[in-house]
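All remarks here apply to the structure that follows.
Chain lettering (A, B, C, D and E) follows the sequence in which the chains are written, and residue indices restart at 1 in each chain.
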Amino acid sequence: MAIPINWFLVLAAGLFCIGLYGVLSRRNAIGILMGIELMLNAVNINLITFWRYINPVKLTGQVFAIFVFTVAAAEVAVGLALVIAIYRNRDTVIVEEIDLLKE
Amino acid sequence: MHIFLFLLPQLILFLSLVLVFGIDLVGSKEKKWLPYLALTGTTISLAVSIYLFGWVEITAESVLGGMIAIDSFSLYFQIFAAVIASIIILLSIEYMALRSPYQGEYYSLILLACFSISLLSVSADLVMVFISFELLSISSYILTGFLRNDPKSSEAAIKYFLYGSIASAMMLYGMSLLYGATASTNLIQIAQGLSGIDPGLRWVIYPALVLLMVGFGFKTVTVPFHQWSPDAYEGAPTPVTAFLAVGSIGAGFAVLIRVMLTALPDFQVNWAALIAGLSIMSMTLGNLVAISQKNIKRMLAYSGIAHAGYILIGLVSWDLWYPGMVFDGVSGVLIYLLVYLAANLGAFAVVIGFEHKLGSNQISDYAGLIQRSPLMAGTMVVFLFSLIGIPGTGGFVGKLMIFGAALRKEYYFLAIIAIINSVVAGFYYLNVIRYMFFQPLDEPQRDRIQLPKTLSAVIILTCVFTLLMGLFAQPFIQFVQASLGLITS
Amino acid sequence: MADLINLIENWIKNILLGWGVTESLAVFILQVLGSVLVVIVCFVIVIALIWVERKLAGRIQDRFGPNRAGPYGIFQSFADIIKIFTKEYITPVGAEKGLFNIAPVLAMFSVLAIWAVFPFAINVVGGDIHVGVLYIVAIGAFGILAILMAGWSSNNRYALLSASRSVAMLISYEIPMIISLLVPVLLAHSMKLSVIVEAQMPWNIFVAPLAALIFGISSMAEVGKAPFDLLEAESELVAGYHTEYSGMKFGMFYVAEFLHQFTVGALMAIFFLGGWTGPLAVRWPILGVFYFYGKTFFIYLVISWIRLSLPRIRIDEMLNLNWRFLIPISFINLIAVAIADRVMLEFNLARWIYVVVMFLINILILVAALTIAEKNEKAVERVEFSPRPIAVPPGKESK
Amino acid sequence: MVPVLIFGLSSVVTLGAALAVVTNKNILHSAFYLILAFVGVASIYVLLEAPFIAVVQVLVYIGAIAILIVFAIMLTRRLLSKDLIQRNAQWGLSALGATGLFLVLGWIVYSVNWPVKLLTVPEDPISVLGQELLSTYVVPFEIASVLLLAALVGAILIGRERE
Amino acid sequence: MNFPILTAITFIPLLISTIVLLIPKSKENWIRSVSTVLSLIPLALSIYIYIAVRADPGKMHFTEEYSWIPAIDVYYRMGVDGLSAVMLVLTTLLSTLCYYYSIYTIKNRVKEYYFLFLLLQVGMSGVFVSLDFIFFYVFWEIGLVPMYLLIGIWGGERRIYASIKFFLYTLAGSMAMLLAIIGVYLATGTFNILEAAAAQPFAGNFALSAAAFWAFFVAFAIKVPIFPFHTWLPDAHTEAPTAGSVILAGVLLKLGAYGLIRIVLPIFPKTFAFYSYNVPVIPILAVISIVYGALVCMAQWDLKRLIAYSSVSHMGYVTLGISAAAASLAISGREGTATSAIISINGASLQLFTHGVITGGLFFLVGMIYDRAHTRQIRDFGGLGSKVPYYYGIMMVTGFASLGLPGLAGFWSEFFVFRGAFAIIPIFAIIGVLGIVFTAAYILWKIVQHIFLGEFDQEKWDQVTHQAKLTDLATFEKITMWPLVILMVLIGFYPSLIVRLLNGVSTALVNNILP
C-alpha cells in the first residue's frame, strides 16, 4: 500500500489528543461528550489501521471497532438522557455549575 | 463433567434478570414481590456457584472462541457477584420502594450490574473485557441517576458518566495499542506475543499500560482517577452507593488481575511500579481527605479509595503461587475483597437504615446512636474496626495477608506507607464511633430506631461474617487460595 | 449490438484512449460522466414528476391542475423553474449563514448520493459495493441533518419546531425501515444491491409482502409526505423547516423532496419489485433500465395517490403507530422470515413451496398483528402513578 | 499518488474539524464540525479498505450520535448564548498536556517499527465479519445487545419528563 | 493433655461477658454481681497456676497448641512460665477488684461497662499466655478496643481527645509491630515466639534486624511508655474512669514491658545490646523517663495527673533494668555479668508486679477522694489527715511503697534494678537513682504535705466542693484496698514470694542470650 502505517497512527494520535483537550477544557457537558466521541474515533482509526496492516486476514480489529460503535451509541444515549435530566433539574449543563455535591 | 456447567451461575443470574424485567412489563400492577424473585435468583446462583466450587478441581480453559476463561478465579467472582447482588437487593427493598416507582427496572439493572461483575471476571479477550466493562459502567450510570427527580442523583450520575466515558476511551486506546503490538486481542495470545517482543516495540507497551490503568483505575477508584467517586457516592441512592463501593471495585480488581496476570506477566516490573505509585497516592490521599468529611457516604467513598490503595499492594507483590506459600499478593487481594465486602456492605446497611429512618447522612447526626439502636451502633463498631484492621475482625486478616505479601517481596516502603495510613485511617473511623458512643443525645430521650427486617438481616449477617473471617479465617483463606487456578498456573 | 450501454461506454473509452489518456484516468472520466448522467436524468425526471403529480392531484381533487402553459400545462414546471431562479435570495436576520446555505445542498446530496449504488441494469451500477443497503440507510442520515440545519439556522420558531418534529419522526421511522430492508438482504444473502435484484425469483413482494408494506409505510414517513407530512404541516408550522428559504435554495429543498419520493419508488423497485429484471432484460440491458424506471414511476404514482387521499395524522398517533405497531411487527417478521428461510433451505424444498409458505407466514403475521392491535386499542391508556412521600424529617428538605 | 492525496485531504479535514470542535465558541457549530470530522474519519476507513466500517461510521456516528448531540444542544438552549464562555479556567494547561501527550504518543507510534504484513483484504469481508460475529464473538455480540437494551431502558427512564 | 487451664483463664471472662449481654439492661444489680462473683474463677485459676509453676518457673507449663489458621501458619499456642504466672495473678486480681469497686461507683450504662471490661480482661490475660506472634497480636489489640470505649464513654471532660489519642498511639505502635512480626516470620518461617527466639532471625543483616527491632521496640515503648512516646499516658489516665485508670496503670502498661522481656530481648539480643551499650539510646531514654517523669510530677497540681506521670517515671526503672540485661551481652566476658543481668531483669519484672499493685492502689485512692470532693486539684485540699484518718493511713502506706521505702514492695524492685544496672551500665544507674530522690520529694511534699498535713479549712472545702460531705472510707472501699495493701507489705518483707518465680525465668533468659 502506498501509505505507511505510521501516518494513520499519527493521525489517530492527533485526533485522540484533540479529543482529550476538548474533554479537559470544555465546561459544557455536551462539549465534553463531543471530545469523548473524538477520542473513540481515534481508537477506531487505530483499530482499523492495525487490522489492515498487521493482520488483515483475521477481522479482529473490525469486530472490535464495531463493538466500539455499539458502546459509543449506548453511552451517548445514556449520557444525553442524563444531560437532559440535569438540565431539567438544575437548568444548566455547565459542569462547574453542577455543584450540589460539595461539602 | 462439562466445562460449560461452570457458566451456570452466570446464566442463572442473567435468567433471573430477564425474568424480573419481563414480569415487570406484563400488566400494570405494582408487584411487591419482585425483589424477592430477584433474590431467589441470586441465591440459587450463589448456591450453584458454591456447589461448583467445591466439586472438582478446575483447570483453566478458554471457551467460546477464546472469549471466556473458565477457572476457579472466575468462580470466585461469580460467588462474589451473587453475594453482592443478594445483599444489595436486600438493602434496596425498603429504601427504593419509597423513592421510585420503577421497581422492575431497578432490580433488573442491579442484577445486570452484578452479572457484569462476573462477566468481567471471566473475560479472556480484550473485546470481552471492554464490552463487559461498559455493561457494568452503563448500568452503574443509570443506577446512580435512578432517582431522576432528585438533582443530587442526576448530578452524581452525570459526573460519574463523564469520568467513566473518558476513562473507557483512554483504556480503549491502550487496548488498541496492545492489539497493534501483538495482532491479537486474546489475553493469552497477547502474552505469547509479548514474550518474544521486539525491543523497539516495547515502547508501545508502556503507554498502553498507562492508558489501560486509567480505565482500571477508574473502576477500582484509585487516585488520580477517583474524582468521580465522592460525588457519585454521595448523590447515588444509598444501596447503589453500596454497590459502587464494593461491587464495582471488586469488578475492577477482577479485570485488573486478569489482564495484568494473564496478558502482561512479562511486564510485571513496569506495571508493578506504576501500580505501586497509584497505590501510595490512593492510600495517602484517600485517608487524608476522609478525615475532613462530614457526610458518611463521602467518608466511606474516600475510605474506599484508601482501601483500593491497600488492595493494590497485593497485586504489586504478585508472585507465582504454589501450594504451601503463606503470603501471596493475589490471594491477599482476594481475601481483602471478601473482608471489605462484608465490612463495607454492613456499614452501608447501617447507613441505609439510618437514612431510611432519619433522612440524614451527616456523621454528626449519629450522635448517641448506641442508645437508640444498640444493634446498629454495636455492629457498626465491628464494621469500622474491620475497616481499620483490628484483630478479631476480618480486616486484620486482609491486612495481614497484604502486608505479608509486600514484605515477602521486600516492598518495605509500601508496607510502611500502608501502616502509617492505617493509623491515619483510624482517626476518621473513630470519629464515627465517637459520635455513636461518646456523644450524648442532644434531646434526652428520643425514640428507638426500629429497623426493617431485611436490613437487620443484612447487618447481622455481614457482622457475623466479618467476625468469622477474623476469628476462623482458615476456610476463607483456603477458598481464596483455591481460587488462584488459572491466574497463577 | 446486444448491449447498448456497454457499446457506448467502450466507444467513449476508445476515444479517450486515442487522445492519449491513461487507462485508469479514462475509467475515472467515464465514472464521472456516468454520475453526471444520472444526476441529469434525475433532474429532468423531477421536472416531469412535478407536472405529473400536480396533474394527478388536480384529477383526484376534482379540478384541472396546471393547464395554461403549453398543452395540458406541460410547461408549467419550466415556468416555475425560471421563476425560482430569478427570485431574490433572502437570508433572515439572525440566521446562521453558513448552516443556512449548506442545508439545501446537503438535502440534495442526501437524495442524489443514494443513486450512486443503484443497479440500473445488468452490470450497470455506479458503485456496486458490498454494503449497498447500509450505504443507502447511512446516506439518509444526511437528509435528517439537512432538516435540522435548516430548521436551526433559520432563526425561526416554526422552522425549529418542524425540525425537531422531523428528527423525532425520521429517526423513529428509520428503525422499521432498516429492519424491513433486512428481509430482502436475508433472502438474497447479500447486501449488494445487484445481488439482491438478481436473487429475486419471484419478486420479493410475493415472498415478503409484509416487509414491503412496512418499508412502504416507513419510507413514506421518511419522505415526509402526507399522511406523515407533520414536518411541514402548513396549518401548524407555516411551511416547516424551509419557511425562511427562497429562490433556488428553496427550490433545492423542493426538488429534493420530489426526488426523494421518486428514490423511495426506486428502492421499492429494487428491493421488492425485482429492480431491472423483466423479460429480455438480461439480453438487452437497455431494456432493464426502462423496466427499472417504469417500476419506480409506478411506485411514485402509488405514493402520490396515497398521499393525496389520506389526511395528516397527529404526532402522538404517528409515534404510537411506529413504536407500538411497526417496530414490533417488523422485528417479528424478520425473525419469522429468518427462521422459515433457514428451515426451508435445510429441507431443500421446491421454490414454489418456499414462496407460498413465506407468503402465508407474512399474511398470518399481519392478520395476527392487526387483530391484536385492534383489541388493544382501548387498553392503551396512561397508567397514573402517585408517588408516596419520601421519609424526610421536617427541616431537612433539600430545597 | 491518489491515495496519498485522499489521505492528506481527509486527515486535514478530520483534524481541522476536530480542532474546530474543541475550540469553537458556539457549541452548536462544534456539533456540526463534529459531523465533518466523522465524515473525514469515514473516508479514512474507505482508504483502509474497510467500507463496511465506513458506512457504519456514517450510520452510527452521523445518523445517530451526532444528531442526538445536536438535539440535546437544542434542548439545552439556554446555554447557547454567545457570551457564555465554553472553556474552563485550566484550558491552557489542558492544551499543554494534550500537546505533550501528542508528542509522546505520536513519536512512539511514528518511530516504532510495526510488524506490518502487507496482505490483501479477504474477498467479501462482510460475510466473514458476520460469521466471526456469530461464532468467535458471539458472547460479546449478545452482551452488546443486552447493553443496548439497558442503555435504552435507562435513557428512557432518566430522560423522561417528570410525571 | 488435661484440662486446658490457660484457655479457661483467658476465655472465662468472655463467657461472663456473654452472660452479661444476655441479662436485660434494667437488671443492673444482677449484672454487677454476676460479673464480680464469676470473675473470682479466673482469679482462683491464676493462683492455682502460680502455685503450680512455682516448682519450675523457668520453662513453659500448661502449654496448648492447636492449629488455628494453618493456611498462614498461625497456631493457637499458649503457655505459662513464672513471669506470665505472676502477671496473670496481677491481671485477675486487679480486674476483680475493679469489678467490685465499680459496683458502687458506676451508675450509668452498666451493662456496656461490664461487657467491655470483661472483654478487656480477655485481651490482657491473652497477651500474657500466648506463645504465637499473631495470637499475641490479636490479644494485644483486643485489649485496646474496650479500653478506648471505656475511656470515651465513662471518662472525664476531655475523654474524647484522650481516648482517640490513646487509641491512635497504640495503633501506630502495634501496626509497626505487625510488620515486624511478619518480617520475623519471613525470616524464620514460624510464628512461634520461642522457636523464633531460638532461630535468631536477621542474625547476619544488621539493617533489617535493627528495623525489626525498632518496630517492636516502638510498639512496646508506646505501651510502657518510654519517654518520647509517653504523651498519651497522662491524658488517658487522667480522663479514664477510676477502674479504667487502675487497669491502665496496673496491667496495660505492663504489656509493653512484658513484650520487651518476652519477645524483643530473646529475639534481638545483639541489636538490643548494641542500642543499650554501644549506642546507648535505650538506657538514655529510660533515664530520661525516670527523671523527667519525676520532675513533671513535682510540677503537677492535678493529683491524678501526678500519679499518671509517676507511672512514666516508675516504668523507666523497668526499661532501665531490661536494657541493662541486654547490655550485658556486650560485656559478656566480664565476671559477674550474668548475675547482674539476672538481677536487673528480676528487678524489672518485679517492678511490673509491684508497680501494678501500688499504682493501682493509688488510682483507687484518687478515685475515692474525687468521688467525695469532685476535684482533683491538690491545692483544693489540705489538712485532710485529721478528717479521714483511715484514708490517710492507707495512702501513706501506698505512697511510701511507691517511693521505695524499705519494707514495702517498691523497695525491692528498685533495688534489684539498680544493683543489676550498676554493674553493667553504671552511669545510667547513677543518674537513675536521682529519680528516687525526686519521687520521694513529690510523694512527701505534694501528696503527704499538701493534702493531709496542716489545718483543715472547712470554708475552702465547702467552696471548692460545693459543700460536699467529707466521710472516711466506706466498707467497699476498704475491701478494695486491703488486698493491695497486704500485698505491698507482704512483698516488702518476703520478696521471694514473687522473685522466686521471676528468677527462674530471668536465669533461663540470660543463659539463652549470653554466649
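We adopt the following convention: a contact is a pair of C-beta atoms (placed from the backbone, for glycine too) under 8 Å apart; a residue touches a chain by one contact, two chains touch by 3 or more.
This structure is a prediction, so every number in the text was calculated from the model and none was measured.
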- [ ] Check A-B against B-D and say which one is joined by more contacting C-beta pairs.
- [x] A-B
Task: Geometric centre: closest chain by C-alpha means - done: B
Open item on the list: Going by average Cα coordinates, which chain is farthest removed from chain C?
Closed with: E
Open item on the list: Report the inter-centroid distance (CA atoms only) between chain B and chain D in whole Å.
Closed with: 31
Task: Separation of mean Cα positions, chain C and chain B [Å, integer] - done: 50
- [ ] Indicate the whole-number Å distance between the mean C-alpha point of chain B and the mean C-alpha point of chain E.
- [x] 43
Open item on the list: I'd like to verify one number: the distance from the centre of chain A to the centre of chain E, where each centre is the average of its C-alpha atoms, in whole angstrom.
Closed with: 65
TODO: Would you mind listing the residues of chain E that make contact with two or more other chains?
DONE: none
Task: chain D residues counted as touching two or more neighbouring chains - done: 52, 56, 64, 71, 105, 109, 111-112, 114-115, 125, 136-137, 140, 144, 147, 150-151, 154, 157-158, 162
Open item on the list: Touching at least two other chains at once: which residues of chain B meet that condition?
Closed with: 127, 131, 134, 138, 141-142, 145, 148-152, 154, 157, 177, 180, 183
- [ ] Over in the complex, which chain A residues touch chain D? Could you list them?
- [x] 1-3, 5-22, 24-28, 30-31, 33-35, 37-38, 41, 44-45, 48-49, 51-57, 59, 62-63, 65-67, 69-78, 80-85, 87-88, 91-96
Open item on the list: With touch defined as at the start, can you tell me which chain D residues reach chain A in the complex?
Closed with: 1, 3-4, 7, 11, 14-15, 18-19, 21-22, 27, 30-31, 34, 37-38, 41, 44-45, 47-50, 52-53, 56-57, 60-61, 64-65, 68-69, 71-73, 75-76, 78-79, 85-88, 90-91, 93-95, 97-99, 101-102, 105-106, 109-112, 114-122, 125, 128-129, 132-133, 136-137, 140, 144, 147-148, 150-152, 154-159, 161-162
- [ ] Spell out the part of chain A that touches chain B in their complex, as residue ranges.
- [x] 9, 16, 19-20, 23, 29, 32-33, 36, 39-40, 42-43, 46-47, 49-50, 54-55, 58, 60-61, 63-64, 67-68, 71, 74-75, 78-79, 82-83, 85-86, 89-90, 95, 98, 100-103
Task: Residue numbers on chain B that touch chain E, as the complex places them - done: 326-327, 370, 385, 388, 390-392, 396-397, 399-401, 403-404, 407-408, 412, 415-416, 419-420, 422-423, 426-427, 430, 433-434, 437-438, 472-474, 477-478, 481
Open item on the list: Considering only the defined contacts, which chain C positions touch chain D in the complex?
Closed with: 96, 99, 129-131, 134-135, 137-142, 144-145, 148-149, 152, 160, 164, 167, 171, 174, 190-191, 385
